[in-house]
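Look at the two complexes coming up: chain A is in both, with chain B in one and chain C in the other.
Take a look at the complex of A and B:
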């Protein structure tokens, strides 16, 4: 069994010159799936996607097949590619837009054909100016080549794709916030129930919202078949109720922070946090790892005790954190965890849409408490106070939230996990009345008190061997 | 009907209503701020969280659910008192109060504030917020409404009102997150005829009426149900008064008439009632001036004059601002006392068109009881000018402040040999009068108006008569008796019953039959059975509408 190594599927040839153009994309096998696609009907495609085990790459990790099955019956239906990639620490979609936009278009054609959609949108993060330019050009090329438009690739199927630039709000990455924004309203998430997009989505019609990465997987699943896709990644057995054991395929891990070679790594799921850090060249200057955020900044943080957790949907969920968007932020021994949390909380306080009470008030409140501790003005009891306020927004222990959308979780989980797992460092700030960076061994609270991990791993049914 | 179980007890409630409404139906309060039955449920305040067990489910669902967005279903189980429900509500209040100022002692809303009430019932007894509070500035949203921005809890009821009910969308939400602020665009203030309603729907003291600001603590007000007199719609209202003066008028819920709303013409159109110029004493003209006199003197001279000039030559002018009961008494005065067919109707303005908002209509006819007058007097009713044409004397019931007195009418009035007026304010009319009797404003009346949809609705006497003023029905009866008739009424209710038994159109509309929802003289026939009606919110209104 080899060491974990990159396996480029989505990112294959992403560095090839002019890969963003139709010619080059085609020369590298692009749009091949369209030849098979139109021989398959909706049920067959649903089976393929469900059997492949493909899970949404945007954050929640919902099975794509499960989601397709929920799609409502009304006409027209819509498809939205969520390219509002704004989770701190996440940057894999950006490269797809910039360097392989045709892959997204191809994936969207597959989803649209399967779901009976004739109008699709790409909601592009406003800051992605180059990505949007390239995507727009790619869509234009696709229209000119007859891949989009009245008859897609010569078949009796019409599909139009429109791009829409966001205006810089994090919350517009939440699917119903995105839909509101797309409709030209304030980007405020809708209440679920009743507004599940698959039933009542954009313009009150059934809508499928997928992350760019999820859609980009579809051409390869169609090309190579479900068996091939199932053979990638890790599958577990006997997981607890509510924990999906499927982690098939590769994942685009965005490794950032204190590693030697930050960047996007496409690896089959199943490797551990430690292995991923090694793959990214290890911690800078041979330093010790202090903290790792495993799935974008809203995921609860992991400590050095938890580095052997596999970075996949199943195991991270069991470790009471999440794979989320795959943004891995590595922090070494020089990091002050209070300062790190303040930075995150500042972001969330700024980005809360302000619609519902707990998040609108709770988010800046937690920020203020953390900022006070960091500034040396913490008071005894502040750590518990912080945990209580954050838990009142969304409770990590009971997995409930009092907010309209899961933004509440994005605020509460990092706050509570940082405060619990790095409690000694927080307390040191309060006691000494100033910012102190403790050595890793002192900064981390002992695992038995506060974490879900280490615990027994679910039994592995299949894991990648990396024999290539 | 749906069977639901709430806190272990079984209830039957209407189908298809929200859990908040269902709870109100059975007398249970589920606290909420953003939800309003006529403005939808954005579920943003997170105050109405309940523990929900869907029909047939083995246990409650993990997440708490908002009661405002949940429709009742048969077999649904609701916990309104589970520990985690109580905790969620308490923490929501903690969040709402974090930035809320403690200015209850000077806040207009104190006493009728849902933040106070729910904090008292569901909240913590102390604040744990130690950070810096947001202090956004107070601002004027328009000619009628001010915003104390610090007090705002961003429930967005006002935003939705201007979008959905009044349609101008003047109020919006600016900024984001904790800096959310309600505001209007710089060049587009909140200036429409429904603007006052946003003050009523504000669950806290953020939106205040400039008219009422700092005028009285709400708990000193006496509140009486009544009907607005500013147009033929007949909006249900509460007259809130203090020490003999009207302090404010506010809408009272009626499913079929005005929902929860009223227009600013009605809401702010009460100032004349409080006017210091109001007529208080009967007066007779002596040497060109109106000199206060006793009722007996006035009635005797009036009877003498009318008899001398001849009953048929005397016009009786009645007013479209009088109640059914007053109109009926005047009818009897004309027929049994004066003995004339010269009966005219004096009326306020009628505009060319209704003012139509997306979900509210201000009617064009600015007379609250034209329908009543037409039904009671029937075909014999002339216009005031027609009835006065060629008359020698007149008994003129006015009572319409600012009513148009055109030249044709004034010429006929000045040509009269004797003019007796019953009015509430000095005007050209009383200037021309030989005798002026003080009447009552609508807040002082007992009786009913009949609105344009033929619904008989009750006014209650919110204020005492001013000075020596007599109710118009009483004055009409006294005058008729001075002229030899025999009319014995002791109360307006007696007239209501008399009217119901003698005028066919009012059949059945006896005093007992007219409740606070009114009495429909004509059942609606258009639309038929298939007509879908919105769920009615009487139970909600009685619990949550102040």
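Take a look at the complex of A and C:
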């Protein structure tokens, strides 16, 4: 078995000069899937997507085929590409918009044809000025070339794609917050269940919302077939109820923080956290790892005891964290975990949309407790207090939230996991009345005191060999 | 004089309306506000009333949106907008030093405008470019792998 290495599919040729233009994209095989697409009907396409095992890359990891199956029957139907990339530590969509926007358009055409959609939107993060400019230009080119419009690629199928710029609110990345924002309102998420966007979405019509990366996988699945896609990544067996064993395909891992070569690494799923850190050049200056956030800042943090967990949907879920958006933030021995958590809680306190009281009040309260510990003004019992307040926004042990959307759990997951897993460092701040950065071996709670220990990982059915 | 779009922007606005179902003109709210802010610099009460009239919604509904989104300004801002990322990956890579330096150099705190009205300094949540941390945006442009020297060069170019 080879060592894990990059396997560029979505990011293939992303650095090629002018890859954002139609000519260059076509020269590299772009839009080839459209030659097969219109010979396939909705049912066949649903089977292809479901059998491929493709899971949503935006955070929740829901099977794309499962979601398509839920699409309501009303007309018109809508498709939305979620390009509101705002999860701290995530930056792979940015480069797709800037350098390979036609890949997203191609993926959207496939989804639209399959779902019977004639109007689609790309909700682009407000700060992505270059990305939106490039995407707008690509859409314009596609219209001029007859790839979009009244008759897509010469077929009896009409599709319009419009971009819609956000204005700096993190919560608009949540699909129902996004829909509210697209409708011209505050981006406050909708109550669900009972109605998910696939049943009642934008303008009260059936709506499919997918992350940019999820949609970008579709052209390759259509071109190369389900079997090819299934052969990529890791599949497990005997997973507990509620744990999907499928991790097919590659993932765009965004590695940042204290690594030598931060960047986007496209790898078949199945490699471990440790292997991914190595792939990114290892920890800077040969330092020791202290903490790793595996899936965007909302994902519970991992300690050095947990670095052999594969970075995929299934294993991270079983390790009581998540793959989320694939944003991996690495912290070395010089990091103060209290300060790191304070930074994150500042973010969540700022981004809470204010709709639900537990989140609007609980998030700044959590931030204030962490800030006071970091400032050396922590009181005995503050760590438990912190855990209690955060768990009352959303309880990470019972996995229930007192809020409308999962922002609540995105607050308490980092808060409670940092406080429990790095408890000695938090307590040292309180005892010594100042910020103290303990050596890694002393900062981490013993593994048996870790709420996510012992780690029971599923048996592997198939893993990549990396023999290429 | 009351605010109104230039003829070019008014045409752009009418094109925008075609993106959404006719009975949902309100959906054009965010793009219309972006367009208005581009013209006026910020969204005064005047501008908000004009946008409300264009979209057939109440002024309160426009205000509701303007106050929710950090990229919309309801008070005058400087000629240049500088947004410095302060979220975790940038913090791990030294953004605090960068932020202190910019504040000292401009003699302003976050959410303030320099005395000459040239720069408004804002903090930003994760700008989704963590591989280039620390990062900041000057107007529409992203600048990464910041050092104090690089920040000075960029600031010099502003004045």
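Here is the rule we use: the second predicted complex is superposed on the first by the 462 of 468 C-alpha atoms of A that agree within 3 Å, B and C clash if a C-alpha of one lies under 4 Å from a C-alpha of the other, contacts with A are read in each partner's own complex, and residues count from 1 in each chain.
Here is the rule we go by: contacts are C-beta pairs under 8 Å (C-beta built on N, C-alpha and C of every residue); 3 or more make two chains touch, one makes a residue touch a chain.
Bear in mind the structure is a predicted one, so any value in this text is a computation, not a measurement.
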### Message
Just checking: does A:351 make contact with chain B only, chain C only, both, or neither of them? Give me first, second, both or neither.
### Response
both
### Message
With both complexes superposed on chain A, which partner does A:130 reach: first (chain B), second (chain C), both or neither?
### Response
second
### Query
Which partner does A:186 contact after superposing on A: first (chain B), second (chain C), both, neither?
both
### Task
Figure out whether A:372 sits in contact with chain B (first) or chain C (second), or with both, or with neither.
first
### Query
After superposition on the shared chain, which partner residues are touched by A:94: those of chain B (first), chain C (second), both, or neither?
second
### Larger contact residue set on chain A - chain B or chain C
C
### Task
Look at A:5 in the shared chain and tell me whether it touches chain B only, chain C only, both, or neither; answer first, second, both or neither.
neither
### Which of chain B and chain C A:329 touches, first, second, both or neither
second
### Summary
Overlap of chain B and chain C contacts on chain A, residues 169, 186, 350-351, 353
### Query
In the complex of these two chains, what residues of chain B are touching chain A?
41-47, 49, 62-64, 66, 69, 88, 91-92, 94-96, 98-99, 128-132, 153-154, 173, 175-180
### Task
Could you please specify the touching residues of chain C with respect to chain A in the complex?
19, 21, 24, 26-31, 33-34, 55, 57, 61, 64-65, 68-72, 83, 86-89, 91-93, 124-133, 137, 140-142
### Task
Write out the stretch or stretches of chain A touching chain C in their complex.
85-91, 93-94, 121, 125-130, 162, 164-170, 181-187, 203, 254-258, 262-264, 293, 297, 327, 329, 331, 335, 339-340, 343-344, 346-347, 350-351, 353
### Query
For the complex, which residues does chain A have touching chain B?
169, 186, 191, 193-194, 349-358, 360-365, 368-369, 372, 379, 385, 392, 398-404
